[in-house]
Amino acid sequence: MTHLKIVLEMLLLSSVEPLTLAQMRSALDEEVSSEALRRGLDALRSDWHDRGLELVCVADGWRFQTKVQFQGYLQRLRVEKPPKYSRAVMETLAVIVYKQPVTRGDIEAIRGVSLNAQTLRTLEQRGWIRIAGHRNVPGRPALFVTTPQFLSDLNLRTLDDLPPLQGGDEQVPNLAVNAELDL
Amino acid sequence: MTHLKIVLEMLLLSSVEPLTLAQMRSALDEEVSSEALRRGLDALRSDWHDRGLELVCVADGWRFQTKVQFQGYLQRLRVEKPPKYSRAVMETLAVIVYKQPVTRGDIEAIRGVSLNAQTLRTLEQRGWIRIAGHRNVPGRPALFVTTPQFLSDLNLRTLDDLPPLQGGDEQVPNLAVNAELDL
Amino acid sequence: MNASLAWVNGEPLKELPPDLYIPPDALAVYLNTFEGPLDLLSWLIRHHRLDVLDIPMAQLTAQYMKYVLWMRSQRLELAAEYLVMAVWLIEIKSRLLLPGVPDVDEMGGDIDPRAELVQRLLEYEQIRWAAQQLEALPRIGREIFAVHLSPELVAESPPLVDVAAFPLIWLEFIKHDRLLSHHKAARRELSVRAAMANLLSGVQGDFFVEFYTLFDVRQGVAQWVVNFLALLELAREHQIELVQNQSFAPIYLRAAGATGEGDLF
């Protein structure tokens, strides 16, 4: 393994947050071109190919993370259960993700129900949404958008990596067929 | 790399705490003897021999840690990205510094926004503010003041060493009261 | 499809009976799982295999009303949205039934009264679907975990704070405050009391003041209003007198109780 790869691996494995290319370059003791850095990261990624972790590039940088197929081992080890979000929370998130920036009123209009204050707070506390500004209408309601951390937590680099919304009429068969209820 | 080593490596690198042999065995899907487990860990340790991390056995279990000779890279990284308090935390601290003793309500009135409980907790956990008493009004709200540790962490001898405010004391009428408080 | 809808007397309820009779215990559990009227409607449409683009309004409204009335009879907490939706459904149904002037769009084409309902159902359905997709994505802390070395080895140093930041923060507060005090200053400037004092000092002695001189163009409309209010106030307090010889003639002001030696008339 080259010295560059050894240092990059060590940096990435010991950082709690994803690292940007700029951060990695600032940590290195000698000048490294972006090109060389990228090649080093690519090589490192293939080195880990058949291991339990993978090197990924998400919204806020590069990080090592466990592969999905190993979740069973980790779940056996973990005492704390990850939070399970209600349908209200996930639907609210979906509206913000696909229609951002949106106001609380927009969310209520699409879902057809009034929004519990706790629902938005849950998403804010998770660091997935934030207020990006205010709409210039009476009352100046807050405009919500998703954060880079939301993308990073869902293992995505940009919003374009999300499954596209099924549009208009193709939706109909789904509506007719999907008789399953999620209770 | 054997499957056992891949799983152990993944578990150890993603665990927040050192892992005991018992924890590792409980996470594995098949029965593994202590002997086999130890051999796997030893093999893993030599695999990492010429890399930036090392696998060590400490009092409360096994863990990966960065090698001492790589600390320089990590320090450069940390300098590049010094952690910062949020605007809310800094503003709250400034209000307490100049207006102490203050209640949560005072802080909210000056900042013009409601105060997140986490903001005060951050400052309390840092040991920079404490509750000095309660104001004798309905609800008996807690009165916050700065601590001696705040002064010493910021290299100040007394509160008078704080930079003076432009615009004079009429902007901060309570400033003179500080003298009465024994901190 | 194997998931049971609810458990009734220990028995899993796999599917709701087509005749809509559902044991009350099950229905209570079941209705609480709806995320509002759009969710209930889109379930009814799916369950009865109706065509969302050609909704039989009478049938859908009847089904929906059965649920809503049932919920009311059971005193289930019924959000206002459900009743609003009921009103809307009935309105659409009646517009379809009533002969009369059809709604037309700008192009002159007929508008199906159901169009907005269909639009909202489809939009909600998209979001319901998207929420399921988001839920299924692997998530940090659930299916995937970021690496973590023991905290003492990569201990984050606590944030550093520069003392010089405090006065700057305070300046921000003061600036904010100045904005507010600016408004207060503006209010003082337009004080009716001040205008009254000003007016009174102008009519000392036996001088008359012509009414129009109070409305100097340079003072602006706000000041005019204040001057006029001051004038009315002074007249009410009998501190000044207003004199007008005849209709549309000039109006004059003078201090109350003046001798009238300077009388113009």
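Read from first to last, the chains carry the letters A, B and C; within each, the first residue is number 1.
Quick note on the criterion: a residue touches a chain if its C-beta (ideal position, glycine included) is under 8 Å from a C-beta of that chain, and two chains touch if they have at least 3 such contacts.
Not measured: the values here are computed from a predicted model.
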Chain centroid nearest the full-protein CA centroid: A
Identity of the chain that, by mean CA position, is farthest from chain C: B
Computed distance of Cα centres, chain B from chain A, in Å: 24
Separation of chain A from chain C, taking each centre as the mean of its C-alpha atoms, in whole Å: 32
Separation of chain B from chain C, taking each centre as the mean of its C-alpha atoms, in whole Å: 40
Per-residue overlap in chain A, given as positions that touch at least 2 other chains: 13-15, 53, 64-67, 74
Residues of chain C engaged with two or more neighbouring chains: 145-149, 153-154, 156
Residues of chain B defined as touching chain A within the complex: 1, 6-7, 9-11, 13-15, 19, 23, 26-29, 50-53, 64, 66-67, 70, 72-74, 76-77, 80-81
Residues of chain B that touch chain C when the two form their complex: 13-18, 53, 63-66, 74, 78, 82-85, 90-91, 93-95, 97-98, 110-112, 126, 153-156, 162-167, 171-172
Touch list for chain C against partner chain A, complex: 1, 3-6, 29-30, 33, 35-39, 42-43, 45-47, 49-53, 79, 81, 85, 120-135, 137-149, 153-154, 156
Chain C to chain B touching residues, read off their complex: 145-151, 153-154, 156-161, 163-167, 169-174, 176-177
